[in-house]
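Labels for the chains are A, B, C and D, by order of writing; each one numbers its residues from 1.
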Amino acid sequence: MPSFENITNAIHTWLTTHLSAGWAFFIELVLVGVAAIALFAALGLVLVLMERRVAAWMQIRLGPNRVGPKGMLQSLADTIKLIMKEGLTPEGADKFLFNVAPYVVMIAAMLLLAPIGFARNLQIWDLNIGVLYISAISSISVIGILMAGWASNNKYSLMGAMRSGAQIVSYELSAGLSVLAIVVLTGSLRISDIVQSQETGWWIFKGHLPAIIAFVIFIIAVTAETNRAPFDLAEAESELTAGFHTEYSGMKFALFFLAEYINIFIVCAIGATLFFGGWMPFHIGHWDGFNHVMDYIPSSVWFFGKTFGLIFLIMWFRWTFPRLRVDQLLNLEWKYLLPISMVNLVLVTLVAIKQWHF
Amino acid sequence: MTSEALKSTITALLPEAVFEEGGEWLALQLVPEQWRPLALQLRQHPELGFDFLFCVTCVDWKTHLSMVYHLRSTKLGHHLVVKVKLDRSNPAIETVSDIWRTAEFNEREAYEMFGVKFLHHPDLRLLILPDGWEGRNPMRKDFEDPVNMIKL
Amino acid sequence: MFITNYIKEVWGAVKSLAKGMKLTGYYFTHHKEIITQEYPDNRAELVLPERFRGEVVMKHDEHNEHACTGCTACELACPNGTIKIITKFDISPEGKKKKALDTFIYHLELCTMCNMCIEACPTDAIKMAQNFEHSVYDRRQLTKKLNRPGSKIREGVE
Amino acid sequence: MVEEIGTNEEGELVINMGPQHPATHGVLHLVVTLQGETIKKIEPHLGYIHRSIEKMCESLTYRQFSYVTSRMDYLSSHINNHACAMCVEKGLQVEVPPRAQVIRVMVDELTRIASHELWWGAMAMDLGAFTPFFHAFRERENINDIMEETCGARLTMNYIVPGGVMADIHPNFQKRVKSFIELFRSKIDEYDELVTGNIIFQNRMKGVGWISAEDVVSYGCTGPVARASGVHSDIRKLFPYEIYEKLQFNEILETGGDSFARYMVRMRELRESVHILEQLVDNIPEGEFQAKTKAVLKLPKGEFYQRVETARGELGVYIVSEGATTPYRIKFRSPGFANLSALDHIAAGGKLGDLVASMGTLDLVIPDIDR
């Protein structure tokens, strides 16, 4: 069975035999970049279609059904439409910041892709502080949002950006703390170590109640961090029309839109890695027979299956719940999530020290 | 309270009040100066207690304007119609928007549609018509819009 | 005590959220509940009730005869000047002059489908059609002549 | 570089909500003064769709003018027509046949349900929940189908005319209303599951946009807004018209005075309207559906006032007649206009998000306000 490992190794050997080490490395970098962008484009198309489909079915509608077979090409048609549209820059806007903001958001989303393990031995950059890197980079996107809101010279945009700033900065805390719970259990910040540590079972099962609490907090916090409903205050279309991207149109809007979905994908991938074992198949303790059967399913299927499961959960939230108010949002973080996750961290530490987990 | 009892109570407050017969409810005809003092009484008098001003209408009678106030008491359940005759060339009347808050918007509407000036109104600006419309009063009988009039 | 209340509060909140998610989850999985009508595709089975008011038409029978006497009752009943009737004088075989319909002009772009003209018509000459696809590229096409060319009044209609 | 974004001397931010804004449900223009997220002042600017219906009606005959009123509060167009028809009947002193009265009340209640349905969906959408909108429209579609079959149109029907109704009910009417009642009873519980019980929703609504009973009366608020503050204002109970006297139903009162109370009043009214329909659906008396009236109606000289309870509150029709075939002056006391005037009082001091909740529960229909 050809695995990703074989493919990457084959390319690597072929390049090193034909070229000098420096050129080979450079070409590999380019290939990785192209692959990442291709993945982005594909994910954007798939996730937008998925969101529309999920929304439609929950709202007793059919959803996209005109473009292509069963509306499969709908998001492609949307993309073409957005590319063709004129990108307006409002008068009085700070032109430089206005144009640069979508790229900042986009680049922050792209950077997050580096340490994620997509399948067994398929990882762009397995750095030893993977989890820390993710928490650090994910805070950058808020700068892009603030830039967009400020540069638009629009009051709605500014308010949306301010809300978003307050929101992302606060929810970073509990997201970080719940990630820390798994780091405590694993004892490593390296993503591959975290995945490897779940060979005998996923942390959500092994870690008892503290891991489940950490997961719930994590999913709430990342929903807020990606500005998704019910925490979409930065966009809150019934209050702020479209929030920070009110003035954006055409391709620049598309970049924001895409970055939102990429961010969802990444946070869900991280959630899947930390709590559901990433590409690790479903293993139970030392039932070797069962584990062996599970190993037949390719690791990339496991990874994407788990990730899309979590994405569906987040979409499910969006199409069910009303939006919180801005003060309630901060209350939820500072009065509920943060204390709970701190207590939870203590519990996790206790579990880790006493070796109560399986 | 029956309309007879209402009549006697109001006559006690305002001896020169002129009543009008024939309508569904007791109607009262006033001149502008009588209106505000009476309005205060109508609102505060324990036996009258007209706390709900449910309709404010201005009627253009070509010779004069008249403001029609429909009042109801939510506690006692009786009604009163007050009609105030105004001069057509310079209609002015004291506001009652501090007595019944609903009058604030209704008076603004009457102001722009009929040109009635409500003295001491807190915020007498155009509410419905676009800025710069002042001077022409679309609901008056002699108003003709040179642009949009469709004659049937 | 505080802790139990706190936990109860959180539990109640989670339960209420789960209830909503259960409902949307139900609709997500039960596609037979979908109510979308795929409009231009379902034209064949799209039957509007006979009372539906789409536009005013004049009834013509197989001899190309209508029942309109040109009495202008509908024109008077119309609140927005949708109908304009032009009459002419027919000479009957006996040599008498008789008022008759020349052209029934109907402005669909002004019509609000209030049904007042149909109510007013003494001879039941006009009716509402169940057509609702009125969009055209030129609004002059919305001004219609309702009596067909060459049509005449049915015998016996006064 | 960016100019300083328009703050005034006190550092307050002035934003224009509308005329095109998702939460205003139409072309309402609110000038909102904000201090941070907190609302200091709200100034409505109206007139974007003012058609001067009152002036138009002065040139229409008594038979014609009521169709225009469907375009005022288009969500309860039947009830508007009903008010106009009753006002004309009052002037003509026409007795409406019992069958017509029952039909009128039934379509009124169906309209009320449809209107509340749309309000429910739209308000949930204001608060950021999209799904309820479609669920509400599913049931509203049933009502529209019933209306289409009997009245010939889906929104602006012009079905209730002076003297009765324009046409007799469709043979399917009773059957369809019955099946609708059955369906609706089960779906309304779903609404509660989806929205009413939701903790986020309750937090968004409770204690938001509070108004006292005195202020409600002073601002002239009627309908669910007044009843949520504990003020008796149901015209169907206070000054019964048609057959409402003989029907069994409750005036829904809440005492909260906040957005949640207004929400609950409407949700309970949905059940109450279904209850009214249940009483009537099998008891439509036989007989004429229209009283005999002259072809040209002429109201005697005088003034006539008629009010009804629309889905939004008290609608008054005030006709000043000079004895001609057209009204001399006609005034519509629209519930939305008075409710809107209280918006500043209700929402000032709250957050921007609360404004949306308050506005949603006031149930503003802009053509009703702008007439």
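The working rule: a residue touches a chain if its C-beta (ideal position, glycine included) is under 8 Å from a C-beta of that chain, and two chains touch if they have at least 3 such contacts.
All values reported here derive from a predicted model rather than from experimental measurement.
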Next item on the list: Give the fewest steps needed to get from chain A to chain B, where each step moves from one chain to a chain it touches.
Entry: 2
Next item on the list: Give the label of the chain whose average Cα location is farthest from that of chain C.
Entry: A
Note to self: Centroid of chain B to centroid of chain C, CA atoms only: how many Å?
What the structure shows: 42
Item checked: Separation of chain C from chain D, taking each centre as the mean of its C-alpha atoms, in whole Å -> 24
Notebook entry, point to check: So, what's the distance in Å between the C-alpha centres of chain D and chain A?
Noted result: 45
Check: Can you list the residues of chain D that touch 2 or more other chains?
Finding: 131, 138, 194-195, 198, 200
Margin query: Residues of chain A that contact two or more other chains, please.
Written below: 58-61, 319-321
Item checked: In chain C, residues with contacts to at least two other chains -> 17, 20, 23-24, 35
Next item on the list: Could you pull out which chain B residues touch chain D in their complex?
Entry: 22-25, 51-55, 57, 59-60, 68, 70, 74, 77, 81, 100-102, 104-106, 109, 127-130, 138-139, 152
Next item on the list: Would you pull the chain D residues touching chain C in the complex into a rising list?
Entry: 60, 63-65, 67-68, 131, 138, 141, 148-153, 156, 158, 161, 166-167, 170, 190, 193-195, 197-200, 202
Check: What part of chain A is in contact with chain D in the complex they form?
Finding: 55, 58-61, 92-94, 150-151, 153, 155-156, 158-159, 229-230, 232-233, 236-241, 319-328
Checklist line | Contact footprint of chain D on chain C as seen in their complex | finding: 12-13, 16-17, 19-20, 22-24, 35, 48-49, 51-53, 77-79, 112-116, 119, 128
Next item on the list: Could you please specify the touching residues of chain D with respect to chain B in the complex?
Entry: 44-47, 50, 52, 54-55, 59, 214-215, 217-220, 222, 231-233, 238, 302-305, 307, 314, 316, 318, 320, 328-329, 331, 333, 337-338, 340-342, 345, 370
